[in-house]
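Below is one structure, written out as structure tokens, with a few remarks after it.
The letters A, B, C, D and E name the chains in turn, as written, and every chain counts its residues from 1.
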Amino acid sequence: MTDITTDADEAGFANDRTQSNTFGEAVRSYVNRVRGGDMGALPAVAGLLVLFIVFGLANDRFLSALNMANLITQAGAIIVLAMGLVLVLLLGDIDLSAGVTGGASASVMGLLIAKHDMPWGVAVLGAIVTGAVIGLVIGVLVSKLGIPSFVVTLAFFLGLQGLILKLIGDGGSVRVDQEVIKGITKNNVPVMWGWIFAVVIIAVFALLSLRSHRVKVSKGLQHQPIAVVFAQIGAVAVILLVVTYVLNLNRAPNPGFVIEGIPYVLPLVIALLIFWTFILSRTSYGRHVYAVGGNPEAARRAGINVDRIRVSVFVLASSMAALSGVIAASNLGKVSTSSGGSNTLLYAVGAAVIGGTSLFGGKGKARDAVIGGLVIATIANGLGLLDQAAYINFIVTGGVLLLAASVDAISRRRRSASGL
Amino acid sequence: MTDITTDADEAGFANDRTQSNTFGEAVRSYVNRVRGGDMGALPAVAGLLVLFIVFGLANDRFLSALNMANLITQAGAIIVLAMGLVLVLLLGDIDLSAGVTGGASASVMGLLIAKHDMPWGVAVLGAIVTGAVIGLVIGVLVSKLGIPSFVVTLAFFLGLQGLILKLIGDGGSVRVDQEVIKGITKNNVPVMWGWIFAVVIIAVFALLSLRSHRVKVSKGLQHQPIAVVFAQIGAVAVILLVVTYVLNLNRAPNPGFVIEGIPYVLPLVIALLIFWTFILSRTSYGRHVYAVGGNPEAARRAGINVDRIRVSVFVLASSMAALSGVIAASNLGKVSTSSGGSNTLLYAVGAAVIGGTSLFGGKGKARDAVIGGLVIATIANGLGLLDQAAYINFIVTGGVLLLAASVDAISRRRRSASGL
Amino acid sequence: GGSDSSGGSDGGNGGGDKVEGKIGVILPDTKSSVRWESADKPALEAAFKAAGVKYDVQNAEGDADKMQTIADGMITDGVTVLAIVNLDSDSGAAIEEKAKSQGVKTIDYDRLTLGGSADVYISYDNSKVGALQGEGLEKCLGDKDANIVYLNGSPTDNNATLFSQGAHSILDKNAKYKKVGEQAVPDWDNEQAVTIFEQLYTKADGKIDGVYAANDGLAGAVISILDKNGQAGKVPVTGQDATVEGLQNILKGDQCMTIQKSATGQAKALAETAIAMVKGDKPETTGTVEDETGKREVPAILLDPVSITKDNVKAVIDSGDMKASDLCTGDFAQLCTDAGIS
Amino acid sequence: MSTTPILEMRGINKSFGVAHVLHDVDLTIYPGQVTALVGDNGAGKSTLVKAVAGIYPIDTGEYRFDDKPVTVHGPKDASALGIEVVYQDLALCENLDIVENMFLGREIKNGPVLNETEMESKAREVLKSLSVRTVKSVRQSVSSLSGGQRQTVAIAKSALWNSKVVLLDEPTAALGVAQTRQVLDLVRRLADSGVGVLLISHNLTDVFEVADRITALYLGRVAADVATKDVTSRQVVELITTGTSTDFDGAAAPSATA
Amino acid sequence: MSTTPILEMRGINKSFGVAHVLHDVDLTIYPGQVTALVGDNGAGKSTLVKAVAGIYPIDTGEYRFDDKPVTVHGPKDASALGIEVVYQDLALCENLDIVENMFLGREIKNGPVLNETEMESKAREVLKSLSVRTVKSVRQSVSSLSGGQRQTVAIAKSALWNSKVVLLDEPTAALGVAQTRQVLDLVRRLADSGVGVLLISHNLTDVFEVADRITALYLGRVAADVATKDVTSRQVVELITTGTSTDFDGAAAPSATA
């Protein structure tokens, strides 16, 4: 019976291990974690890879530089919309009106430019303020009156369609001809600057990672072995450089015409991803959002103003929806009475959920929106290259969505079987 | 300090009171309960009443017998759809595909009649089987693979639209000319039979209530005073008789043509309401549905086969969706490629939620679908009489939805303030 | 599907012995009308196949974003002539601009893209459609006082607005007619149309003498309610698209007229034009149409819509747009025979 | 003391992802006896109980019931064997009332219809025997109950059925003095009627009062499995906190080395 | 004994719908003293604590803090007054880890950024002092903790801050022997440093060990409020179970009739 005590780390508190183990150990423990089902973004990324392989085999244009650039501009709007929705879903709420909020905000922007000759900055600001105000009203109705967010946002989904119709007239549309706004999806970062940005981002990432690692070591806190940190930096560097390289190729299909460089929408999405990841994981605001989503009563007892968090989340989500509306308008070159309607919202929520965000609150990350948004955009993009009848497209879209989600679900099931 | 013991009912178990108190006491305790916020269906009904008053004032045709009959046939499909969704929502799941499941099932029915000359019974059965099979597949994917129901049913929402296009693509719609099926919404119960049914239902209700009361009294269980039982019977009788009377008037606006009697869809809805109320509150199956929705882990530990419950609920909900599709087809006289699409589903879920069903599972009743469905149908019905521009309709629909929901929410808030 | 003859996407410019290049067509949706999938697509594919040209015909399913995505994909895929049925002018213009910037020629099919840069516009005259509907209703009503209800298409669809304006331009002139209700049906949704019309009917206390319904689907919804109130056949209803449903209702006497915009005819025109353009020839046009937004005259091929009533249902079958066997099912066999269709 | 155990777990291992919680654990429950399972917080007691109840699948190990090897795939299997469990985290449905919770999964029916009257009277009876005096009504929703009232409902639920083995995971943690008394009496009564009882408790006074045998877990391993009469309270505390007892007579724990 | 109470509740009434749970309850907490709140299951102890903590609004009654009347609208107000609470139902966020839970609502920041390193080391320190030996990592999610481990986290959370009043609702219910010892020591240490402590427990041995005063609730009414030294354990049991004590010296409970 004497061997039992060896297990106890009597010296320190608990069995809490903080020491850095070797790279090999870290890899083994990661493999163990994955075996145990704790896979993070792995399954969703795997789902995306499967899609890339399938579509890549089905049509060899799919993996061309031109199509990759298309994919990025096509995914932009849904990713940004889904990022806002992740916030709402983190609280366990839903925002059915996010799509049309984007449409309404974009209409405001379009009208400010077309009818009132405002500069693009003012117009975009106008759109975002419109979104924020809509979010404010929704948030107040949900948190102060306690009406379920499903009903409030369903009402706004309808009401805002009316507003859009009123703003731009039955069957009408507003042209978005402003160069900067159209440029978000149409223009590209000059090749040189693309490389510079990529290198700078890699350098900053490396610096921050190494610094944080050093602090943890010196304070004796939990940390990964240094080799893992280097591996992470390496992975980020490779991905960024490859993407930059591909997008910096000339991708114009017709000779005599040059299209090269990273579409502006990509740095925009990356900036938003970094911003929201920072907010959610490194600020107390983000922490409070998770807490309210996980257990609102516990959050309240911890002194968190639950109502204020909820209102703010709706404001932020609707502002993101407005931004998404601007990107969509940029891509379409106009805002129409049907902007943001149809299935936009369902797709965006689906993107967040496929990425790994829970509909029941408390679980989700900004990157879920990016991965899930790419999945959704890839389905439309890939199918578009295949040239099938409409009914086949519907059916295949449904089937592929299911496929992408089931990769994720099956892996998570293993985790729950192992009790995590 | 001696007065303290008087509170304790030392004789029996606990303070549990089973004795019948007087009618006055019962009324007072009801008022107390309502004050405390435990209102049951009261707020949703109040919301409905508000709508009736507003629309009644806005247009004097609104309260006419003709329009009441319109309202009933218009509400039929959404009520039946929402009833199925209540089951799904009770589990904390969602079925985005329910609307198009109805459309797909109705297409099958239409084609069985139009192309294969099947009798109406077989065709309707075919529709319901189609719904059940769809529900089975959804249920299995959700419970066995563990994919979130939002994603599975989003995929089906898309896939089934493809199926409908495929089924009825050539021609764009399938004519539903069968007299019995069209009769569900077009024909009326003969006046005499209407009265007979009403009286029989009242008698049965009275009998059952009194018998259950007697059993409770004799076993010494919790029960209401007899006067309350009589009051309930009276209320049911008055409502049924008034409705029967109004609908038995001749409501045809054009002279020389007689429309009178209860539209067949009403007894159908009432039968479904009774059926589901019975299943949910009086059978162990219903109890298990609530348990799984309230705390799936506790249900599992109690030996309930959670997966089987979940699959069965999706099967039942989709079968109800199929029935709803049949009713919609009856009302429309055809099945079109857009049947069950658009916002059908959002409206039906909204109906259930407005009626009082929770999106988080464990809370809801069949009657919620009826009350909420009436609210939704009343909005469209009342607005239709006002004949306004499209944008106004959108805005007013959203606003009125919000209004109806806030009556409910505010009253529930009071309950939560009092800690219930 | 029609992908079988598209020759694979790897063909590049090497193999084709007849025509180099490829034609892309993007249809708008599956909801506003079934013609896109059931008539245009087969007709186009047949014409392209016959000409031995590579092609790619897709449907944007009512989603402007999706149309942009498809267009991107087609251009990626080496399409040299792109024909679109825009979902609205501005998104169409964006697509055309992008295409032009990559050296792809564009055609506006069925709907003119205001402010666009299409090389040719091929369509039925849409404002004429509404006018024909108005005239048809006028004919069915005859010379008497009449209460008219307007059931327009989707408020977000510009064509619906044009149709309605066309009808009003005729009916508003007649002093005997009185408008007793007018509603737009969101998304052309037939199910909502039932409720909307039932309420207009109730509001007018059943005193309705004629119904302008923007297309056959909406007309069907209207007839369902008229039938319930014993008024079917007594109140004339207009339609559009000459669908099976509409023609059957006409044969039955429940609907007074519909508009045929022969998809096969239009598709044939598109195929000829596109093939010419792929070959580098200048397409033959019948005139020009003014694009007010773009301030230019767009070369156009304008086809004439045909008004169909009980008397000339047969013309639709004769045009090849519809098979008699599709129309004359069940109870309608007899009615077909009566109308001289076999 | 009966010689054949009613339930026996041998060499049980259980991990959650990388956390190895149970190491080669042996557990034996005899009919007619109260076996106490003691151990520090996080020792693995509840995990072991849940493994027995079929909530967690075990990684390796043998599950024997009534001297025959069995496989238990879920709570349903366990309850079919006649095993009743009171979980530490109670597992009640807050949206249901007391009666509904007590009969969940085993409702009494009249044909297809629930027999509410019968369930209500049975529930009232059992609750009465457990000294519940503050519950207003058996039709009260569980969400409005106090901590101790909930625990009582969970215990009452398990006492409703004739079972062969009853596992109680800290059943008296939230109970008042009188209620604790009743539960301890119930435990003794159950054992005396031939049921095999497993009682988890941190209260050694209670353990020494009712238990026939004590199994001590230490960091997921069995530190001792002895008859109550062979050990003192101080020794048990040592076993719990250090996994070993200096002046502990090894011979008294034959199964601990098995 | 200090003469001015740090916290005083007078004539508190609280109903849930029709259920009248607290009747004219008086509660006094003195700085530097441990006041034990005892009572049967469902007596209203937790309700009273939640009323003090601002979780439940009180229907009528006076709330005095530091000899001044105050109004407490929510937990935020209570914690601003310097009141820390360990709830019976713990109220932890299962999706967050131990450190995140302990600092929830009062995160340590470096400018706008969370100072994770500081929080982690502080949390580790406090947990160490509470004899937690089985927790694998302070970065473990709370959902994977055992019952006792969770309770320890909740207690540790309240021990992090310098507060004037600490309310502990059955803090040791799920704890092992050693951990219970640590918590009782903590309670005493807190009181000795001048904090006013309210301890709810069903374990009278613990109560008599650490409490200076005992307030007994019976069916939502105060049955007695006495100094520990003036009563015996048997008397307290009587007060809890019957609301009165036959041979109880009335003079020893001046406030019970107030």
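Rule of thumb we're sticking to: contacts are C-beta pairs under 8 Å (C-beta built on N, C-alpha and C of every residue); 3 or more make two chains touch, one makes a residue touch a chain.
Predicted, not measured: the structure shown is a model, and the values here were computed from it.
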item: Smallest number of contact steps required from chain A to reach chain E; value: 1
item: Co-neighbours of chain C and chain A - touch as defined; value: B
item: Equivalent interface positions on chain A and chain B, same or different at half; value: same
item: Whole-Å gap separating chain D and chain E, where each centre is the average of the chain's CA atoms; value: 29
item: Approximate Å spacing (C-alpha centroids) for the pair chain C, chain D; value: 73
item: Averaged-CA centre spacing for the pair chain E and chain B, given as whole angstrom; value: 47
item: Chain A and chain B, separation of their C-alpha mean positions in angstrom; value: 37
item: Chain A residues counted as touching two or more neighbouring chains; value: 8, 165, 170, 343, 390-394, 420
item: Touching two or more other chains - residue numbers and ranges from chain E; value: 16, 132-136, 144, 219
item: Of all residues in chain C, the ones touching two or more other chains; value: 30, 37, 155, 184
item: Complex interface listing, chain B residues touching chain A; value: 92, 94, 96, 141, 145-148, 150-152, 154-163, 165-166, 169, 343, 346, 349-350, 353-354, 358-360, 390-399, 401-402, 405-406, 408-410, 412-413, 416
item: Footprint of chain C on chain B - complex, ascending; value: 59, 61, 64, 66-67, 70, 74, 77, 114-115, 117, 165, 169-173, 175, 177, 182, 185-186, 252-254, 257, 259, 328, 331-334, 336-342, 344, 377, 380-381, 383-385, 387, 389-391, 393-394
item: Residues of chain C defined as touching chain A within the complex; value: 1-3, 6, 9-10, 27, 30, 37, 41, 56-59, 61-66, 68-70, 72-78, 87-91, 93-94, 97-98, 101-104, 115, 154-161, 184, 293
item: Residues of chain D defined as touching chain E within the complex; value: 16, 19, 39-43, 46-47, 88-89, 132-136, 144-149, 151-152, 170, 173-180, 202-204, 219, 237, 240-241
item: Touching residues on chain D, where the partner in the complex is chain B; value: 53, 55, 74-76, 79, 85, 87, 91-96, 100, 104-107, 109, 112-114, 116-117, 120-121, 124-125, 127-128, 132-139, 144
